[in-house]
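Labels run A, B, C, D and E following the written order; every chain starts at residue 1.
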Amino acid sequence: MPGSQPGTIVTDPNATETRIQVLSYDADHFSEHEVDNVDKLAPFLESDRMIWVDIDGLRDESTIRKVGEMFNLHGLVQEDIVNVHQRAKMEEYDDHLFIVARMVMLEDHLQTEQISLIVGDNFVITFQERPGDCFDPVRRRLREKIGIIRERGPDYLMYALLDAIIDGYFPVLESYGDQLNDIEDQLLSRPTSSVIARIHRMRSEFFILRKAIWPHREMVNALLRESTPRIRPETRIYLRDCYDHSVQLIDLTETSREIASDLRDFNLSQVSMRQNDIMKVLTVTATIFIPLNFVAALYGMNFDTKVSRWNMPELEWAYGYPFSLTLMLGTAISLLIFFWYRGWLGRDPTWQRVPQRRFLRRIRRHRQEREISDRS
Amino acid sequence: MPGSQPGTIVTDPNATETRIQVLSYDADHFSEHEVDNVDKLAPFLESDRMIWVDIDGLRDESTIRKVGEMFNLHGLVQEDIVNVHQRAKMEEYDDHLFIVARMVMLEDHLQTEQISLIVGDNFVITFQERPGDCFDPVRRRLREKIGIIRERGPDYLMYALLDAIIDGYFPVLESYGDQLNDIEDQLLSRPTSSVIARIHRMRSEFFILRKAIWPHREMVNALLRESTPRIRPETRIYLRDCYDHSVQLIDLTETSREIASDLRDFNLSQVSMRQNDIMKVLTVTATIFIPLNFVAALYGMNFDTKVSRWNMPELEWAYGYPFSLTLMLGTAISLLIFFWYRGWLGRDPTWQRVPQRRFLRRIRRHRQEREISDRS
Amino acid sequence: MPGSQPGTIVTDPNATETRIQVLSYDADHFSEHEVDNVDKLAPFLESDRMIWVDIDGLRDESTIRKVGEMFNLHGLVQEDIVNVHQRAKMEEYDDHLFIVARMVMLEDHLQTEQISLIVGDNFVITFQERPGDCFDPVRRRLREKIGIIRERGPDYLMYALLDAIIDGYFPVLESYGDQLNDIEDQLLSRPTSSVIARIHRMRSEFFILRKAIWPHREMVNALLRESTPRIRPETRIYLRDCYDHSVQLIDLTETSREIASDLRDFNLSQVSMRQNDIMKVLTVTATIFIPLNFVAALYGMNFDTKVSRWNMPELEWAYGYPFSLTLMLGTAISLLIFFWYRGWLGRDPTWQRVPQRRFLRRIRRHRQEREISDRS
Amino acid sequence: MPGSQPGTIVTDPNATETRIQVLSYDADHFSEHEVDNVDKLAPFLESDRMIWVDIDGLRDESTIRKVGEMFNLHGLVQEDIVNVHQRAKMEEYDDHLFIVARMVMLEDHLQTEQISLIVGDNFVITFQERPGDCFDPVRRRLREKIGIIRERGPDYLMYALLDAIIDGYFPVLESYGDQLNDIEDQLLSRPTSSVIARIHRMRSEFFILRKAIWPHREMVNALLRESTPRIRPETRIYLRDCYDHSVQLIDLTETSREIASDLRDFNLSQVSMRQNDIMKVLTVTATIFIPLNFVAALYGMNFDTKVSRWNMPELEWAYGYPFSLTLMLGTAISLLIFFWYRGWLGRDPTWQRVPQRRFLRRIRRHRQEREISDRS
Amino acid sequence: MPGSQPGTIVTDPNATETRIQVLSYDADHFSEHEVDNVDKLAPFLESDRMIWVDIDGLRDESTIRKVGEMFNLHGLVQEDIVNVHQRAKMEEYDDHLFIVARMVMLEDHLQTEQISLIVGDNFVITFQERPGDCFDPVRRRLREKIGIIRERGPDYLMYALLDAIIDGYFPVLESYGDQLNDIEDQLLSRPTSSVIARIHRMRSEFFILRKAIWPHREMVNALLRESTPRIRPETRIYLRDCYDHSVQLIDLTETSREIASDLRDFNLSQVSMRQNDIMKVLTVTATIFIPLNFVAALYGMNFDTKVSRWNMPELEWAYGYPFSLTLMLGTAISLLIFFWYRGWLGRDPTWQRVPQRRFLRRIRRHRQEREISDRS
């Protein structure tokens, strides 16, 4: 609400119920608990192990407020956590880093979910809007001690989570790439109007994607460049990788958008070409038959040939009918020659058949190449 | 007037009458007065409480001049206050900060109003063009001592006011978002020409919105970055939040503009597709019937069959009429096959019916998602 | 001429004849003279008053050369003064600042005029292409000692002149705004082709305006930022105002251009919609009547019913004529139902009548708002 | 060739034959020689006069190599000299500055030529692709001792040459401006399809121009800003002028491109308007006559009126023919009223006649203004 | 896979089999070996010669891991080598520089291949996706000791390889330039619809090219500017050349894209012009013949002239038939005059014949010029 007190926590009554999971670990130990009350987090905090508190669902205001008190979070941070429309950003506070990222999922349609990360001295807290995330591989790496993740501090865990979020965009973009290829195939074989609505819908979703991706680059860059002591130098090298990925994602999104625009233009060109073809058929038919029709109608007039010899003497010629047929044939042939000369009889649309198949094959090979070169 | 003396105060005779309200407070006290004369402000100034002077309506030149003298405002500041077409900006003077912001309202059509803020040692003055503003929640927070607002200085009050102004853009953008969704629904079910004018009007209003919003980012950033001692460090953290909001607003406005453009293009594509359909119906009908008509007209000619056996002997064949009907039927069927082969009989427009409903449902779900993700 | 000696003064023989006016003043005195010879400027220079030398018309090469010698102007400066196609710029020389600005006038069509300003220790020289300028209010302020202008140095006079030039763009942009509103009204009531040429012409003039305005911002910014001792700190505050105005002008020009583009697109959409309507009328009429015509032509054939009972027995049925009429009516009604189902009979164009009036009123109110918010 | 040794000199066998001219001068002396062998340059080098070696035609590899050895040019410099597709650039080497610029000529079509300049302690070498350049005024200034050119060092000569090259773009752009005006005239009087190809060709040439001009700004700026001791401070003031010109050129090119785009859009709008007119004529004619034709065909049917009184009794009415004529007339008039009401009879195209002339005159005046304001 | 351990090497099972080639050299010696096992590289490393290890095909994970251990490569570097969708980039590690570049080939369709370079103290390692590259000239220069390449260190070899990769883009762009010229020729002689698909395909490939080229500029710039001791000053001068080439490539790609867009627009304009022509033919024919047909149909009506003297007395006039013919002729001539006046009979399309040839010749000459000026 405009003008309301900063730090006001307005939870969405439709939000998912809150669920809290705690992972506590050091190089040698690992435990995983689900707690039903924030107060039960206290014993974990007191141990000297690293802990990761993962909070799903933002319906319960009191939980967030209690977590806020326990970990000393600024009022604005608490507000931003429940207000799930933040751009990706990084803010440094005395006691912790506050990071906002945005996860995407593509099931039937594109969905985004805000992930808030709090990085403290020996803990990482993550807030998610809904259950279901892309962190399972990270949990497995912790559980099964894969790689160095259990030996590093909270900055490395934060990197691992950010990396999982950012890498989660790639399958989504690949799926869009496949759809664009489908549409291209369809357009090459036969332009249909349903494609317009489909491209329109994709472009709407690209707006959402773009709005979600862009700020990540800035955010990762801030983590890289700012001299916060919370990010250790050996972690920075990994964040550089993360940064490269976010740049790649922006590249891919922009390219996809441009390809979608191109396909739309291509479709419109084809529609316009097709209208041309339709008009040509109409024009050729009408222009040839209208004069013929006129001749026929002429000799269908009922002037009385008996009255004078000026009244339609042709009707009584011995070869009147053959004469009129010849007249019509001559007219038709002249017009056909005229149209042929203009090039309106050239079967332009045939290109849509045989050569197109060949072209299609070629394009497909080229598309496979592109798919490979686009998958990252 | 070009070339006139700087600091000239030219009030608009159509402006609203001036009304002055004073809120005087400290952590323990609060009073609220309406004064009819600038001179009556003097006692408030002498007390050591914080005061907020809110001046509505800029018709009365002498009031502004007197306020200017009392608070020692530069001539250019006084000129900018009545000249209500400033871009949002921040200027530092010896005795005060001068801030211009722009409030929006959407009733029937989009309206904007310039708000000038003067931030001094222990006072904040606001000048508004018209009565009615978005500051009521701030007044309530002062009156009922909600949060820390009564304990902080003029910089925090300024932040609270700026925050209220900037957050006031969100409902406006949401309303435009709803309109865009309406238009999309309408376009998907049935393109109508009235949509063109509606989109055109929205785009005009987006120009106004964009012109109003963009400079706020710069202005808030200047407040954040410049090392003015008037903004205390603990307030800066709140201004950072304000800055994030203004960036979000710019994002939303740009996205809305792009969606509006997209809808316009989508509409035009559909119109062009529809014209294609219309042309196809005309072409198919005309192309089939014109040759038939020709055959009918041919046998309507009046050549005298008596004169020679070359003159329309068909007319006297026993099966002349069935022959001609067969000829016509054959022509029609050949042409139908030709058109079917070309794909012009494929009922393209049917997509607008059944599958579209399904698509519509899908899009609507997706839109709800977007609404949520766009509401901030 | 490419390759010619730098500092070459090539006056345009069509330029206006040169006219020199001197204003000499200090806080207490003021005199105003027209001199016919540059040499007569010497006595003014020797006094310790401020002088403003205003030179109109650039036809006379010797005058410019003599002024150049008297005030010690660099050869390139003299070249730039007569070469009236400079972009607005600021250059610092040892003895003076050299400033180029561009004035606009809109009479029948858009005209621009280069103003060169030389700011020295106690003098300001202005060179104008033609008589007639926007400096009269400044002259009046000097003559009648309005404000502080007579007490300040050459930098303040320069500011006053620049301010007059820049503020002179506002009425021009307002006039274009009015024209755009006119065009919008016209388009809403009835799209006409003359609008295309009018928008095209306006866009051409916007190119000129934009080219003229943009460099002013840079130039004023250079005056503000560069640490030249010729601009006193108390004048800088006024230049900041000037800078704000030039930014506003750029904003307004860009917005006007975008509105013009939008109107062009709007017009084209309406034309395309209208073509759709025209096509629909043609298609509906032709498609309904062509089959009817065919039936009529069919029964106009002259097959001899006497020869066999297969030859057009309908002609001799008792109810043959009613049968054929029923056939036609049935065909027509089926087709009308088909078209109604397709929505081609829906009177789309009616929107142009009643609701449009209402919309027009709404837009007009909104436009008044915009006019106000655009006037600065 | 990709991967070949850097510094490889691959001369174009089609290049012009090499021709060497030496100008040797100081304030008091001047001599001008054509030499047929690089070795003959040695005596000039040993004198303490300034020399300008002008080499035309790049066919002879050995010449370039010998010059390279004599003046100690880096291998990459030699490569760049013969590889005539460099962007304008400036590179500093120990013994000399290496500058690449691009000259334009417009004869029948646009041509560009790379000019390489080597600026040493007391020499300037220029390499040109072909004979014929824009340096004659510079040669004349040297020969006839016009201005200060003979008194200054190699940096001033370099400036004079660069200035000649950059100023050589102005006549080309003016010529394009004239062509654009021609096209506009033509479009206003009567849109023709040949204009499309002409605008298309101009736009292709603008791509070349733009590619040629843009890097010059950067290059001159590098000369201005970089602290190379080879450019004396008193020359920098002239380079600033050069920089202004290159900015003006970029402005002009961009504006010309935008005007060309605008003209293309204008033309397309007019074509679309015209198609509208054509369609209207077709629709009005067809829609009026098709029903009339139907009535005529109706009464051309041959139902036997003798068989029953239901069979076309109209044919035997006393006023059957006048009745049918009245029916047709009534139909025609109703349709005309309908079309008039729709506004399809309004003679839209007349605007192309009388008012257009008036508009044309106005535009022409405005164009003259623009021509003046564009010529620089 | 999102969330997987950083440094994970996931080789593509479809990748080419790994092949290792070692070139070992110093100023006096040169040897070239193919090894089948990474371990066999050890003896080369121990010698004090420079070595270049060229690894083709990335199928074999263990090879890459072993090379990583032997040369001490960071896990992320190993990941990036097999993950062949990196943007061109440069990263500095303690023991080596890591550079990613992208090679292009155009056979039938555009293909790209990632080249990873590791530059160490006395070695360069290159990883390629597939056999076949553009490094043969570099190998020959090493083998035959052409130029200074055998006397310089690994930085110079890296430069030579980068230069070969970047210069490899030029032939590709030239080939696209030729195709664009072909298309232009085709469009000028006769617009065909197949061109639309061809331009569309080229534009898709330009997206790939652009995505590949742009990051090279940044990467080379990083090599130039960053103060890494691995790049010796004498090599930097060569990298500057490389940088110039990458800027030229970007220029060329952007220009090609714009030309492709222009051609598409040009084609659409021509299609629209042609549709205009088609419509004109239809309109002129239909509008002339429809009234004639009406007159003929009129006098084909069967009103019984015997019943009254009002029933079609024309039929029995002595000159009824000549009268009707005159009526038709008059109508036709009036309509022809009307169309001629409107300019619809003007043989617009003729421009496509004679003048176009002339224009074509001119354009071709101009194109040759452009080809020359575009080849670099």
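Note that in this section a contact is a pair of C-beta atoms (placed from the backbone, for glycine too) under 8 Å apart; a residue touches a chain by one contact, two chains touch by 3 or more.
The structure presented is a predicted model; accordingly, all values stated were derived computationally and were not measured.
Novice: Treat each pair of touching chains as one step and give the shortest count from chain B to chain D.
Specialist: Minimum step count, chain B to chain D: 2.
Novice: With chain centres taken as the means of their Cα atoms, state the distance from chain A to chain C in Å.
Specialist: So the centre of chain A lies 39 Å away from the centre of chain C.
Novice: Using mean C-alpha positions as chain centres, tell me how far chain A is from chain E in Å, no decimals.
Specialist: Distance between chain centres: 24 Å.
Novice: Residues of chain C that touch two or more other chains: which are they?
Specialist: 272, 275, 279, 282, 286, 290, 293, 297, 300-302, 312, 349
Novice: Considering only which chains touch which, how would you classify the arrangement: line, ring, star, complete or other?
Specialist: Per interface graph, the chains form a ring.
Novice: Once bound in the complex, which stretches of chain B touch chain C?
Specialist: Residues of chain B touching chain C: 1-7, 74, 76, 80, 83, 85-87, 89, 91, 108-112, 190, 192-194, 196-197, 200-201, 203-205, 207-208, 211, 264, 267-268, 271-272, 274-275, 277-279, 281-282, 285-286, 289-290, 292-293, 296-297, 299-302, 305, 312, 314-322, 324, 349.
Novice: Contact residues on chain D for chain C in the complex?
Specialist: Against chain C, the touching part of chain D is residues 134-138, 141, 146-147, 149, 160, 163-165, 167-168, 170-171, 188, 237-238, 240-241, 244, 247-248, 251, 255, 258-259, 262, 265-266, 269-270, 272-273, 275-276, 279-280, 282-283, 286-287, 290-291, 293-294, 297-298, 300-304, 307-308, 310-312, 342-344, 348-349, 351-352, 355-356, 359, 362-363, 365-366, 369-370, 373-376.
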